[in-house]
Amino acid sequence: MSKGVTVSEGVTVSEGVPVPESAFIEVDRVEKVFDVRRRTGFLRRELRRVRAVDAISFTVARGEMVGYIGPNGAGKSTTIKMLTGILTPSGGRLRVAGIDPSRERSRLAHRIGVVFGQRTTLWWDLPLIDSYRLMHRMYRIPDGRYRENLDRLVELLDLSALLDVPVRQLSLGQRMRGDVAAALLHDPEVLYLDEPTIGLDVVSKARVREFLRELNSERGTTVLLTTHDLQDIEQLCSRVMVIDHGRLVYDGALAGLHEAGESERTLVVDLARELPPVDVGEAARVVRVEGPRQWLAFPASASAAPLVARIAAEYPLVDLSVREPDIEAVIARMLSTTTDAPNSPPERETDREADRETVVPGPGNS
Amino acid sequence: MGSARLYAAVAAGGFRRYATYRVATAAGVFTNTVFGLILVYTYLALWDERPHLGGYDQAQAVTYVWLGQALFATLAIQGGGFETELMERIRTGEVAVDLYRPADLQAWWLASDLGRALFQLLGRGVLPFVFGAVFFPTALPLDPVTWLAFGVTIALAMVVSFGIRFLVALSGFWLMDGTGAVQVLMVTGMFFSGMALPLNAFPRPLGDIVTLLPWSALLQMPADVLMGRTDPLPAFAFQAGWAVVLLAVGRLVQGAATRRVVVQGG
Amino acid sequence: MGEAGRLVEGLRAYRLIAGMWIRSTLAYRVSFALTVAGGLMVTGLDFVAILLMFSQVDVLGGYTLPEVAFLYGLSATSFGLADLAIGSAGRLGSRVRDGTLDTLLVRPAPVLAQVAADRFALRRVSRLIQGALVLGYACAALDVAWSPVKVALVPVMLVCGGVIFSAVFVAGAAFQFVAQDASEVQAAFTYGGQTLLQYPPTVFGKELVRGVTFVLPLAFVNWVPAAHVLGRPYPLGLPQWAASAPPLVAVACCAVAGLAWRAGLRTYRSTGS
């Protein structure tokens, strides 16, 4: 029961330790090194030291909504796991609401909410409402507060018809909404979301995003989310942090990321028959042709509607789809165009690969 | 010819799938060795009290114990082979996809389970057996023909074991919850195969009955062939007979299940 | 939070989670009753195998049927207690593998309590019931002069035995932090231990008896204290006071298992597996 108490503007006190509002989450040169054993022969093993997170520093102010993005294996999940106390950092200093997560995991748990997109925190075989009842008791949420929060979350996330359904029978989108509600019943000050929209249909995505926006603006909950979906970031976050190879390579506004990335969307058109590449002048360029199917790249900032209208008017169009730029592509472009990123130690460009993996000959057998 | 190739590939896949779990295999070897040790001491005490119980001498009783441990995972005597997966597929309805495959459901799972059984014989069975043979007096034949016959009984036992478990798995089409069927499989497997006590050591009328049941084709037959207590040919006939009956019943049940799925639309 | 505070928190979380599972199990009474009945049959046949042995012999390792039944009942009941209370912890390896352990680490409750109470399977009472039935038969059939001490020793054995088996379960779970696929090793010690203790110590080789007395002290679940009740010589010629050692052994086992669990959890949190 360690709710912070505001003592003066901009500073809260968490059990005696002042937490500046501007550094509610504080990450200072945090690292995480894993030893990975790899089989190289029948009995031979090689021990590799992998820096999953390499001296990352950032702060997040109370009430901010931050996107944390990067390619697969860049260190996103590892960072989240350290911030929630699941993993112990190998080095550096980490504070969330003034608490050291790995040392006071249980105390921190009362103040944070966590949603893992790929696995549920709900009890799989039991009706949704049972999980909520259990959270109520486990987090010692006062009865009135619990009922109020539950009613509000059930309404906002449209869960009323699902409460008596066992979690395993829920669709992915329903389950995700159920998970988000579970993470918020105890009024956490920070909400971590690891890939909250992965695998969701368009309607579910929109609903989850809408809800998060309201949560952040009306309740002032600090939100940190990792995602593969650029639209999550576009619609939710004013600030983006990009991590690559365990290092923070960009920290700033989304606009800056787009500029840096000059990202493009792709229009995939199926024509009635095989035709030479579609010619729509400057509006788009054909990047690939495969039988009657063609891929056209156009700027992410431009609307697809005029382009589609023009192709439909001039060509025998059968079907089409628009693909958003994937985050890997944007980051790849950004990395190739930006030379000046914050938090980048000078040696970064020269020996990044070299210091990330050190090969140590390991013992032969397990 | 083409389908033989297909099923060989499926069997190889079953073999490889289990071969990837090295730690689990090592753990299994350890567990079977521990259980073998416990059992072997109780049998020694039992045969000490009653020499020639069931016609076995002490060395034969010891051999029986270690053979049981070697075949425990191979023949999935307590369950734990393909049937867990098939039942899950039936429960989730994914089995409808399998029924539309060009391959036959029964043959497909038989091939896959034979691959698994072969791996577990080599990976999990051999070591406890060797351990037993090294540290305890056993009664092993020197004659290669007996070993060859023993190999045939094991192969037949694998098919009988599959036939039983296939029926258990198919019960999932009619039962809401497979827990009961799996429990029955465990009980019958442990008890009627002679895993707990050799069938020939059972008291008289009961012993005669259990020897005729299909489970006696699993452990008792291979043991008796290995230790030269029975002629191989009648043993083969007994095992093959049960294998044919079980596979045929399995096929009938599969047909009924398929009609059921088709009628319900999956 | 001190050790005592942690224990209280752990028990509270355990009660909450287990309670939820029990309520949900009992929502389907018929299905539950059938499962328990089935379980009774499974475990019952286990004892039938021993009865079959005694249909051929009068004594096994010098012990009569009621004496073996006494050992069996004590072993099966204590094991049943432990399996019911904490058997779910055996699934730790698969939780580590599929990453669901992480979801337990972000909740404000000790992980061990959560793992042990998860999917609390009330149907495991069947082992407990079957063990108690055999024990009841043994107590009635035994030709023993029951002194107050001997009578009191029976519940002490059951509780201490349950605690010792629970410690083995926890240590086995801790090992799965390191080797996630090795849940069968745990089975060798839990199920294997239970089977071992069903037979008289006189049946087994000296080395094996030494191992389960001094290394993994399962002998204190029933062999040693039961020898006192039955008026039999103690295994390995242990001194008379050894029959009163089970509570001490149980505490020591818990301490070791607790350390093992902590070490395992620390490994997980520093490697992420």
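All chains are identified by letter, namely A, B and C, in their written order; residue positions are counted from 1 within each chain.
In this text, a residue touches a chain if its C-beta (ideal position, glycine included) is under 8 Å from a C-beta of that chain, and two chains touch if they have at least 3 such contacts.
As the structure is a prediction and not an experimental result, all values here were calculated from the model.
Novice: Mind listing the chains that sit against chain A and also against chain C?
Specialist: Chains in contact with chain A as well as chain C: not a single one.
Novice: Which chain wins if you rank chains by how close their C-alpha centre is to the centre of all protein C-alpha atoms?
Specialist: When every chain is reduced to its C-alpha mean, the one closest to the whole-protein mean is C.
Novice: Which integer distance in Å separates the CA centroid of chain A from that of chain C?
Specialist: Distance between chain centres, rounded to whole Å: 44 Å.
Novice: I'd like the Å distance between the centres of chain A and chain B, where a centre is the mean of that chain's Cα atoms.
Specialist: 49
Novice: If you average the CA atoms of chain B and of chain C, how many Å lie between those two points?
Specialist: The answer is 29 Å.
Novice: Mark out which residues of chain A touch at least two other chains, giving numbers and ranges.
Specialist: Expected reply: no residues.
Novice: Can you tell me which residues of chain B touch two or more of the remaining chains?
Specialist: Residues 23 of chain B touch two or more partner chains.
Novice: Give every residue of chain C touching chain A within the complex, in rising order.
Specialist: Residue positions touching the partner: 1, 9, 13, 16-17, 20-21, 24, 98-100, 102-103, 105-110, 119, 266, 269-272.
Novice: Which residues of chain A touch chain C once you look at their complex with the stated criterion?
Specialist: 34-35, 78, 81, 84-88, 90, 102, 105-107, 109-110, 112, 114, 116, 118-121, 123, 125-127, 130, 133-134, 137-139
Novice: Okay, in this complex, where on chain C does chain B touch?
Specialist: 31, 34-35, 38-39, 41-42, 45-46, 48-49, 52-53, 55-61, 179-185, 187-189, 192, 195-196, 199, 202-205, 208
Novice: Show me the residue ranges of chain B that touch chain C in the complex, using the header's touch definition.
Specialist: 21-24, 26-28, 30-31, 34-35, 37-38, 41-42, 44-46, 49-50, 53, 177, 179-180, 183-184, 186-187, 190-191, 196-197, 201-203, 206
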